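By letter and in written order, the chains are A, B, C and D; residue numbering begins at 1 in each of them.
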Amino acid sequence: MSREIVEAAESILDKPVQVLDHGFVTLVEYMGGDASIVKAARNCVGITDEVRTREEDVSLIRYLLRNKHTSPFEFVEMIFHMKMPVFVARQMIRHRTASVSEASARYSPVKEEFYIPDKHHINFQSALNNQGGMWVAPEEIQHRFQEIEEYLARASFEAYNTFIGKEPSVQILEKDVFDGLVTSGGIARETARIMLPLAMYTSWYWKMDLHNLMHLLKLRMDSHAQSEIREYANIMFTMAKKVAPITMEAFEDFELFSMTLTKDDIAAITSLRNHAKKGTDDDDVLKRFKTRREKAEFLEKITELGLLDLLYAKHP
Amino acid sequence: MSREIVEAAESILDKPVQVLDHGFVTLVEYMGGDASIVKAARNCVGITDEVRTREEDVSLIRYLLRNKHTSPFEFVEMIFHMKMPVFVARQMIRHRTASVSEASARYSPVKEEFYIPDKHHINFQSALNNQGGMWVAPEEIQHRFQEIEEYLARASFEAYNTFIGKEPSVQILEKDVFDGLVTSGGIARETARIMLPLAMYTSWYWKMDLHNLMHLLKLRMDSHAQSEIREYANIMFTMAKKVAPITMEAFEDFELFSMTLTKDDIAAITSLRNHAKKGTDDDDVLKRFKTRREKAEFLEKITELGLLDLLYAKHP
Amino acid sequence: MSREIVEAAESILDKPVQVLDHGFVTLVEYMGGDASIVKAARNCVGITDEVRTREEDVSLIRYLLRNKHTSPFEFVEMIFHMKMPVFVARQMIRHRTASVSEASARYSPVKEEFYIPDKHHINFQSALNNQGGMWVAPEEIQHRFQEIEEYLARASFEAYNTFIGKEPSVQILEKDVFDGLVTSGGIARETARIMLPLAMYTSWYWKMDLHNLMHLLKLRMDSHAQSEIREYANIMFTMAKKVAPITMEAFEDFELFSMTLTKDDIAAITSLRNHAKKGTDDDDVLKRFKTRREKAEFLEKITELGLLDLLYAKHP
Amino acid sequence: MSREIVEAAESILDKPVQVLDHGFVTLVEYMGGDASIVKAARNCVGITDEVRTREEDVSLIRYLLRNKHTSPFEFVEMIFHMKMPVFVARQMIRHRTASVSEASARYSPVKEEFYIPDKHHINFQSALNNQGGMWVAPEEIQHRFQEIEEYLARASFEAYNTFIGKEPSVQILEKDVFDGLVTSGGIARETARIMLPLAMYTSWYWKMDLHNLMHLLKLRMDSHAQSEIREYANIMFTMAKKVAPITMEAFEDFELFSMTLTKDDIAAITSLRNHAKKGTDDDDVLKRFKTRREKAEFLEKITELGLLDLLYAKHP
């Protein structure tokens, strides 16, 4: 293994990609790429021969990923500079295997930047899916939401800036009180910030190896993730494709767009197929599922596979 | 090693201790204690003899902690149920070696609970210490801070409750618009919550082994930590003392109340002492320090050790 | 969440289960069980209602595992006391999320215990599968292997015991040299042990949470794992079933006996099925696979699912 | 933060440094350096000004390390290619925060390379220090140790090579048996290797961030570490100094050559000093120490600080 320079990755270094109204993701540094994954894996299996074809690399990387030989992917690192609302940061920080250096609201004042969702992010609560919002809200309500949220955020920052002694608001403190506050240094930033909303922006450097990044992307590009964090994840994914294109294609094939059949799914398909060959119906096939959700998911899966009509082999 | 029951720990299980205005810390589960640390360590050094004195246990545990043999301490686990403001949760989650199950504001509505700091938490920004607030603010400003923060938090929750279709506010939406919103399920909770402040409360189960808990406590009981998280850390420390009293006493002696002398500190003390014995002054002693801060810290340390007058051995 | 006592787990505490010729696995401690997983998850989704049915628990746990909501499983801990050959320990320690306290060969002498494989563990190297051995070797060779290995191990321990001054071997050192060695304390244990074989036994306490244990089991119960570590993993699995039976059944259904269909697998099945309905053959279906292995794996999967004849829909 | 190129690090890339008789350490890749630590930290405290002096960098890095602000150090990564005996690898792998890709003895045959300690590594067991060997053994015994160890290692490899079907040893298998073995593919490598000694060499790629590397070095450069692993650690330290010289100097000053005074040490020094000023003796000063070892360590510390005579202020 020696220094890998990946041209496609070099070409996007230090170029911020905008997200939401004030956010961004920038790839500021990377280490390694598909080639270093291959080298780490080859040391493991004892192949020291340096000559190899692209096909062998593709085959090896895809084999590793499919069989959960995850260590070699840890040899690729990416550092992102990101700006995102606090509620997005709170979701992302749950991924514990990153290194993070976040802007501290204790050390320096928070800039007056907060997230106002675009209308397509303001939806009705889904009754089926507790996590998200799917049905479009009327424009009138979307607009009112933006208005109220902006009003509240501005009011919060007005109070915050007043109390840290930065910009006086006469509605909050009389002039002489404000002047006294400024002279004394203002209320501690760490205390004043508690009135700011979860919509306020924060920023950090985020370092993650490719194995752990794929895990994050799998969860955060998913349709169950909140739409805002999905936008960040999608950009990180695009950047990872520049650094390690073979790996990320394998990730799409084996993780993003794969399907897991449970033990019961397998037994059910086999049984349905056997019945179909005999021209009979397996009337009990759905009884094997231990929960309602698993039964529903099974039906979704065989629909996607084009196997739904196996259920009605006898009486199509 | 077999099941350890620690009476003092049993006696506090499931008993919440109040923190701040609406928060709490409850020890809900623990595994092991001083005895299991000893057993793990004895396996390591090959002592299988089961008879041992309390003195031997104390001596072994203190030896392990002093010499950074940290693995045995990982065999003790504690699970806390905690409620705390979001800004405290954000500081605590930076400790990555915990297992966390946090109440999700996507799955269920946020309760209208937010933190109003008691006056002793509302101080002026320290000019010396960027992290904190040390000088007491006048009561007039403290009071105004509480008033404004409460007003903003209430307004945020009023908007939140309106948009999730829970409690109408006619100032925010007209009655028929609100009714339509309710019928449709309200704006998605995950979106509505972004206007809520960092002062709002959240709750989680927090599992940590004793080695990592000591690391957290060392940083969060420190005078540089924000006063609110210090209150949580102090309670966790008290609870850990119930589970593993010998270990936590060693932690106080070797971590909390210890002092680190740098290479330059050691050389400076030795040189000062040699000069003092010869009745001369070491005029260059402070020049060895590579930064101003290190020089200042050195003076603090020798003051605490009662060695400051070594600086003026010749001309006291 | 409060203290969980799981009767089935209590009944196996401190009862060693033998593995290989001198090894064992003992469950010495555990924390939590299915019930604590449920409680941690319910805090997350905001259900505080304490009354719940077993069906709801089953449904929730299975939902969590299927959807990779892994945090709640981290709230269950197990501590194993294990004795195993060094080459098994070396494989197991690659799972980094455990806490380990291993017997140190620096602190105390190694006991003369080493692993002689039973005949069914002595097989010919597989040509297909680089990892393992599958074809049975003739008894003559198996026997000779055991003989030679035992001879070498005994010779190593004879030398080791001589050099650490424990048991003299006149072939290695003359009596007076040995006596002088003993008087001086013997060669350092840390040095003398380097001649001992990978077959020698070591022991440790091994603590792991259930989420990470499932990950270990998934890899080490697999048919590609070495047969010796599989024996250890199988016992740990049996013990985990005592602690968290609902979870471990879900683990079997969704992990151990599941099947992953890649993006290409899904497309191939769908295409085959569509062709079959139209009574045509999809002659290009196998061309979509990016590597030979993936094509072979696809054929294995559709065979298991009973779908292989879709390949020959037209000309069965 | 953008790509850091550190000239001194570039100059040692891919250049193996020999260790022991057959081992080596090679720096094959790195990411970042002192400058990236500074940038990560500056984002945290909100300094975006790009102009800065070397003195400010030094001051910031030393402040971060002294105050355990460890996150920024995680932004520097190093990848080492290493070859070392198995017993060294077993010690090193206990550091769990590394990424490792080790040569697998299941995938490819082990090369006949094993470690014969040089005479200065063959010492008598220390009676005081259970971990190590300190007193020099007579040359006669050292020589005999090398002879016996080499004999055993060669015999092990002879058997290993025979059983994997590589090189026949007629003492182990008759020719026709060996030929049959070869035809059948030999005994599985994973099984045959169990007779090889802990002295055999293995190799890996080892990736670690600088924060965790410093932790490893602190423990493994220590005089209590086994002399062989110390040689590896010393080389890694030298390489880290190329990548991040300011940080590694701070590491020497604050970690490697620092001294920790416990709560009792501080109280004892203060008390001794107060007595000395009054011209009295503190006869009880050593009674405050909770264990014999702590008392002994205290005496060592005040000896190093030149303060020992405070014990005899009255009667020097």
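The criterion applied here is as follows: contacts are C-beta pairs under 8 Å (C-beta built on N, C-alpha and C of every residue); 3 or more make two chains touch, one makes a residue touch a chain.
Predicted model, so just to flag it, every value in this text is computed and none were measured.
Across B-C and C-D, it is C-D that has more C-beta pairs touching. Comparing the centres of all chains, each the average of its CA atoms, the largest separation from chain B belongs to C. As a whole-number value, the distance joining the C-alpha centres of chain B and chain C reads 37 Å. Between the CA-based centres of chain B and chain D the separation comes to 31 Å, rounded to the whole angstrom. A separation of 29 Å divides the Cα centre of chain C from that of chain D. Looking at chain B, one finds that residues 45, 100, 104, 107-108, 130 touch two or more other chains. Within the complex formed with chain D, the residues of chain A that make contact are 1-4, 13-14, 28-32, 36, 39-41, 43-47, 71-72, 74-75, 77, 79, 81, 99-104, 107-109, 203-205, 207, 209.
Contacts from chain A toward chain C in the complex involve residues 45, 58-59, 62-63, 66-68, 130, 218-219, 224, 252-254, 256-266, 269-270, 273-274, 290-294, 297, 304-307. Those residues of chain C whose C-beta lies close enough to touch chain D in the complex are 85-87, 90, 93-94, 96-97, 100, 104, 106-108, 115, 117, 121-127, 130-133, 135, 137-138, 140-141, 144-145, 148-149, 152-153, 155-156, 159, 163-165, 172-173, 177, 180-181, 184-199, 226.
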